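Please go over the structures that come below.
Same chain, two partners: subunit A is paired with subunit B first, then with subunit C.
After this line comes the complex of A and B, so read on.
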C-alpha cells in the first residue's frame, strides 16, 4: 500500500530503469540457459520424430485441421482449458483442480506478464539472443535498478501483479507438498510412485518458486517489488545488513530451473510440453496406429503420471493389481519394457474408465488394443463358412422398412433378455425380424478387443451383407458390446443402429409403449460399453424413472465400476474378476435399492452372481411394468 | 451317565452315524431342518449303479435310529463351545449340552437358474436331476411322450465361472442312470447325454455306461452352449461335438440339467458360529486329508458326509461309521478317566 501511494506521487516522472550490468549478463544464468537450450533441442527432435512416424495420411489430416477455423478454435480452447486451467480436474475434485491450475496457469502468467514487463520497460532485451532474450525476462529483477524516486504507477502495478501471481503459484506448490503427505485430503486414494527423474524434477519444481521469492526478495530494494518481496527485503536487510548476499540465491534459482528442464524429458513433467501436441492430434481426428510410435508416442509423453487412473481402475480393489493401471502402463511403454506392457495390455478389462477420467485424455485402451494387435497369433482360422451363411440368410424374404433385431451371442446366453425384448416389440406393435434367432455371426467386437482386427473384419463384412440385404431401416441391439462395434466399425448407411434402451425411451416418448410406475427402489448399473463406450447415460434413466424409483450408485455414469466380467480382458483370472464384481455391487448398493437393473447381458450375469438383491435386465423391468391394455 | 452327542443333519450321514452311536450306548440327539429325515436320499427314486430303490436304503437307515431323539423341522439357532462341551440351542426351544457334535450338514444342489443360458426357470421343458427323480418317484410321465430328451452333465460343476471348479462326483453316474430310466420309460425317444468326460470311477459304473450305450443312448462329448425355444415351443440346444469338432444343434422336448453339489447354507450357519474353517471350494476343511478325515480343528466336533466335499452315498455311509468310531474314542479319552 505504501509504495502504491508513493508511486502515485511520482507517477509523472519518467521511469528510471537502469541496467545494473552493462552487458546484462552474469554467470549465474548459465545453468538456466543450458537447461532451457537442452529442452528446446530435445523438443524439436521429439516433434520431428513423432511427425515422421505419423502416416502420410495422418500428417495431411493434421495440417488441414490446423487451418480449419473450427478445429483451430477448438485447439485454442482445449489447450487453454486442459493444459492451463485444468477444468477437467476442477469438475471432479475442486481442490486438486486448484492445485494444478495454480501451478500451471500461475506459472504461465508469470512468464507472460514477465515478458510484457520487459517489453514495456526494457524492450531492447527481447530483441535477440545477444541481448539475453533467452534469460533476461526470467531474471529481469536481477538486472535492473529502479530509482525509488522514479517509480511509476504502471511499474508498481506490475510489481503487484507479479507478486500476486507468485503467491498464487506458491499456494499451489504448498498444496502439492501437502498432497505428498496426505493425498486423500485432495481426493486421491492412491498416488503414483514417482521414478527417480520424477523425484528430481518434483523437488526442483517445489524449490523454483520459493527460491524465486527469496531471490527477488533480496533484490527488491534495487529492482522494486510488491507486497511479498518488499517486506521480505526489509526483513533480510534487518538480518544481514547489506545487499551482497543475494547472488547465491539467484544462482540457486537458476540451478533449480536448469535442473528442472534437464530432468524434464525423463520425468512426468514432459506432459506440460507434450499435452498441447496431443490436443492438436486428437482434434485432427488421428487414431493410434502403432503401439509406441507417432500418435502413441505423443500420448506416452503427454501422460502426467498424476495417478487419477489408479483410483479409477476397477482393478484397484486389490492392491496387488494396482500395477496394471494406465499410469504404470504408460511408464513401461515409455521405457520400452515390452514384457510388462504386454502383460498389462492383456490384463486390462478395457472398461475405459481411466480414459474417461484422464485429465489429459490419454487413450490408453487404444494403445492396449494396438499392442494386442501385434501379438503373434498363429491360429489360422477358416472363415469361409461366413459367406455361405450370409448367402443362406439373404434368401430370407426381404422386408423393407422393418426393424431388424440382432440379439448377439451374449443375449443368447441370457434368454430372459431376448424374451423381454420380443415382448416389448410386440406390445408396441412393431414390425420386426429376428436376425439371429437360430443362427448368428459374432458382431466382431470381442475379436477387435482381442486385437484380431482382420478376423473381426470378416465377421463384420458378413453381418453387413445380411443387414443391408434385409432392407431394414433400424437395427435394434440388446447388447452394448455389439452396439459399440456396429456404430464404429460397420458402414451401414441409411440404417439407424439403436440400443434397446434408446429404443424403449423413444417408444415411450412417442406414446407407442405405455408403462406404469411401481414403488420399487432400483439402481441402474452403467455398462462400460454403453456408457463410456457409446455415451448413453440418459435414455435408460429416462425409462427407469418412469417404471420405478431410481436410486443412485456411489459411482455411476462415466465413473461406473466395471462388472469385472468384461470381454476386454485376456488374462485376468476368475478370482480377480469376482472381486471387481463385488466392488461394483457395493457401489450399486449405496442407497440400499431393492433391485439392480442393467442393460448388458454380461453385466447382468456378473452382477447377478454377486448381488444379494434381485438383478433385472432393463427390458425385463420394462416388461414387468407394461400397462395391461398394451400387453397383447 | 450316558454322554450326549448332537448330530446336526438328518441325511444318510447323520442317520447312519446316529444309529452306530446309539448302538454304542450314547444318548444321541439328531436335529434335522426339514420335515422328513433322509436328506436328498428321501427325494430320490433309484440309486446308481444298480437302480436300488432309494426308499429301501432309507428304510434301512431309519431302522437303526429307534433310540435316537430326532427333532425334525429344527434348526440349530446357536451353538458354542463351553469348557469341554457344546451348548446348542435348537429352534424348538430345547437346549442341549453335548460332549461331542457331529456335523453332517451335507450339500445343497447347485441352483441351476444361475446358468441362465440353459433356461432353467425360463423354458418349461428344462428341469434338474432332482426334478427328474421326483417325477420318477411320483410315477409322473410327461404327456405327450417326449420325442427327444437331453442330459447336460456338469451343470455348476467343473465350471469356474459358476463358482465351482470341482467335480461333483455323482452326476455322471446319475445322468447315465436317469438316461437309461428315461429310455425305459419312453422307448421311442432319442436320448442324448452332453458330457465333458465320463467319470465312471466306481464298481459297476462302467457296466452302467455300457448298458446305456447298448440301449441306444447317444453320448455327445461337448458342453451345451445355449438353449432357446423354437416356434413350436420345443427346445433348441446348441452344443459342440468335440470329437468331430463340429457345432451341433439338437431339438429336444426335455432337457435335464445335472446340477452339482454346493456346500450347505445351513451347515455354513453352524460353521460360522463355531469359526470352523472352510476351504476355497466352500466345503469344511478336515484336520488333515488322510488320518483325521472326520475331525475338525475343534476338539469334540466331527464331520461326516458331503459337508467336507462331494461324495457318493457309500462313501458317505463309510464316513458316518468312522465318525462314530472317532467320537467314541474321543469320549472315552476325555470323559471317562
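After this line comes the complex of A and C, so read on.
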C-alpha cells in the first residue's frame, strides 16, 4: 500500500496523526453514504407524516410535554433505559437483556466514542459535509495514519476503548446468532418468523461488526489499533504478507452498512429509530385514536418483532393460535392487511399480557380496540331506558351512608361473592348501601371492549348520575372489569373507587376487621383487569397471607395467565377458551395448593370449571376466616 | 262494527315464503353457533337489560328462525353486551358475538 502512503501528506498533529487522504474521500464510502442519506430522508418524511396525522390537541400536548422539566427528564431516562440499556428485558431474561444491550448500547457507544475520537484528533472532519462529516467518524481508521513512535497515552486509550466496545458488540452478535439456532437457551420458547426484509437486515447486522473487525484489523499497522485489531493485523501479515485485502474489506463493511440502512424501513429494525418517538408520545399522554395513523403508526414501527409476546400470549397453548399474537398483528397492520388485522383484533382476549411484557411497550390492545371501534361503534341501540332508570334512582337516593356497593353484572352470576362482601361489610360495622341489588346498569366495559364506545358512554353517564346523586364517598366494587372502567372512564370527583381486595386490606390494617390464619395452602390467581389492568397485586396478597398459607403459581402477577373467559374476546370459541383455562389452572397448581383463590367473578367461574381443587372467591375465603364470625 | 267488549287475537300465522331467508343464511354462515341454540332460556333469565326492557336472545333467535326480523332487532336493541349470557349458555354459544352479528346483519 505504498501508493496509499505516498498520497499521505501534511497535517501532522502533536499526536503524530496524518490524514492519509487530504480530500478525506475514497469511493468505498459511497454505499454507506447512500444508505444513510436514504434512511435520514425516510425518517424525516415518516416523522412529518405521523405528526400530520396527530390531532391538533395531541400536538399541543406533545409540545408542552417536551418543555415540561418533569416529563423531559422522564423522556431522557426512558430513552436511555429502554432504547439503550433495555432494563425491561434485563429484569426478566438477563441473557437476552445482555444480548440486546450489547448490540444497542455497544453500537451507540462505538458511534459516540468514534465521534469523540475524531473531535479530539481530527476535528476539522466534523465541520461539514465537504470534510466528510457524514462518514468520517465511521471509517476513521481508514483515513488516518498514525506514526507508532508518536502514539500517545490518549491515543492508546481510545484504541483500547474502541476495541473493547467492538468486542462487547461482537459478543452480543454471537449470542444473537446462537439464539437463531437455540432460542430457548436465551429464554424464548417461540420466536418470530422473519420476513424477507427482516432477513436481509438481520444478516447485514450480523456482518457489520465482524467486517469492521476485519477492516480495522487489516489497517491496524497504519492506523494503530488495540488489543483486538493489532494481533489480528500480525496474523494477517503472517498469512498474506501484504495488504492486498485492505480495500475490499472496507468496501464490504461499507456495503453491509449501506444495505442495512436501505433495508431498515421495511424491516423490524425500524424500531431502533421509532422507539424514542413512541416514548415521547407515551410520556406526553397521547392515546390511540386511529387504528393505523398517527400514534398507532409510531407503535407499529416501534414494534421490534422480537416475539416476546408469542410466549406471553395465553392463546399460545395451541400452536395454531400463535398467529394471533401481537407481533403478527403489528406486522399485518404495517402491511395494511385489513382482513387479517380484523380477524386478530376480534380474537384477542385483551388480557394485556403482551403489553405488560413488551420491552418497547407497544400498546397493541389499544389498537385492537380502535379497530373494533371502527366496525362496531355505529351499531344502533336503544338505551332510552337507562336515563329514566337513572332519573328514578336519583329521586330516591339510595345511599344514606358513605359506602356504595356496586356488584356488577358478573357478580350477580356468583351470588356467593355478593353474600360474602355483605358479610364483611356487616362484620366490620360499615354503613353501606347496595346499588344494584335487584337491577343495575352495566358498567360499560364490555361495550368498550367490543368497540362500542358511544353506547358505553351512555351507560357510563347513567351510572355516573346514580352514583353522584347517591351522596356516597366510596364506591366499592367486587368486579375488576367494572373497576377498570370506573377508574379510567368515569369522572367521579370526590368519590373513591375501590376494589374489595383493597377495601379488605384497608379494613384489616385499620383494625376494623379481624381475621385468623388457617393452615390451608392456597394460591392466588391475578385477574387480568385487576393486576395488569389496575396494577393491584399487593393488597389481595397481603390479606391472603393473613388468612392462609399463600403458595406461588408458576406464572403470576403481571405474567399471570388469563382464565380464558375474558370479555375481551369477540370470536374465540368455547374449545379454545377451555384450553386456556386449563393452562391457567396448570400454572396455578405448580406448588400443589389445596385451594385456588381469585378476585374476579369471571375468573372464578372459569377456573372452577377446570380445577380439581376447590376454588374460592377472595371475599369468601376472608369470610371463612373472620374472627368472632357473625354471619348474620 | 258492534263492540262486543272482546276481540279476536291478531293472527300469529307466519308466512315463511315471504320471510327474507338471505339474511338468516348470512347469519348462519357468520355464526354457525346460531343452530346450536336449544332455547333453554338461560340467557334471558340472566339478562341484565331484561330487568328494564323486553330483551331476550332466546326469543330473538326464535323470531329470526320464523322470519320475524324486526322483532328480533327490537329484542336485542337494549342489550348492553355484559356477557352474562355467554357465561351461562350450556351450549357454549358465543352469544356476545352472535348479538353483534345479528345487530349488524339485520340493521341493514
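Definition applied: the second predicted complex is superposed on the first by the 606 of 632 C-alpha atoms of A that agree within 3 Å, B and C clash if a C-alpha of one lies under 4 Å from a C-alpha of the other, contacts with A are read in each partner's own complex, and residues count from 1 in each chain.
In the analysis below, a contact is a pair of C-beta atoms (placed from the backbone, for glycine too) under 8 Å apart; a residue touches a chain by one contact, two chains touch by 3 or more.
It should be emphasised that the depicted structure is a prediction, and the values quoted were computed from it without experimental measurement.
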* Asked: Overlaying on subunit A: subunit B and subunit C, fit or clash?
  -> clash
* Check the residue A:318 against both partner chains and state whether it touches subunit B (first), subunit C (second), both, or neither. => neither
* Which of subunit B and subunit C A:516 touches, first, second, both or neither -> neither
* Asked: Which holds for A:574: it touches subunit B only (first), subunit C only (second), both, or neither?
  -> both
* To do: Using the superposition on chain A described above, determine whether A:609 touches subunit B (first), subunit C (second), both, or neither.
  => first
* To do: Give one of first, second, both or neither to describe whether A:413 is in contact with subunit B, with subunit C, with both, or with none.
  => both
* Structure fact -> Of the two partners subunit B and subunit C, more of subunit A gets touched by chain C
* Pick one for A:438: touches subunit B only (first), subunit C only (second), both, or neither. => both
* Asked: Between subunit B (first) and subunit C (second), which, if any, makes contact with A:127: first, second, both or neither?
  -> neither
* With the two structures fitted on A, what stretch of subunit B runs into subunit C, 92-100, 128-136, 200-208 or 236-244? -> 236-244
* **Interface residues of subunit A shared between complexes with subunit B and subunit C** => 412-413, 438, 574, 605
* Spell out the residues on subunit A that touch subunit B in their complex, using ranges where they run on. => 412-416, 418-419, 437-438, 574, 578, 605, 608-609
* Structure fact -> Residue set of subunit A touching subunit C in the complex reads 346, 376, 379-383, 385-386, 389, 409-410, 412-413, 438-442, 444, 446-447, 450, 452, 455, 459, 565, 567, 570-574, 602, 605
* Structure fact -> In their shared complex, subunit A is touched by residues of subunit B numbered 114, 116-117, 119, 122-123, 160-161, 163, 225-229, 236
* Can you check the complex and tell me which residues of subunit C touch subunit A? => 46, 48-49, 51-53, 77-84, 87-88, 92, 94, 96-97, 100, 103-104, 107
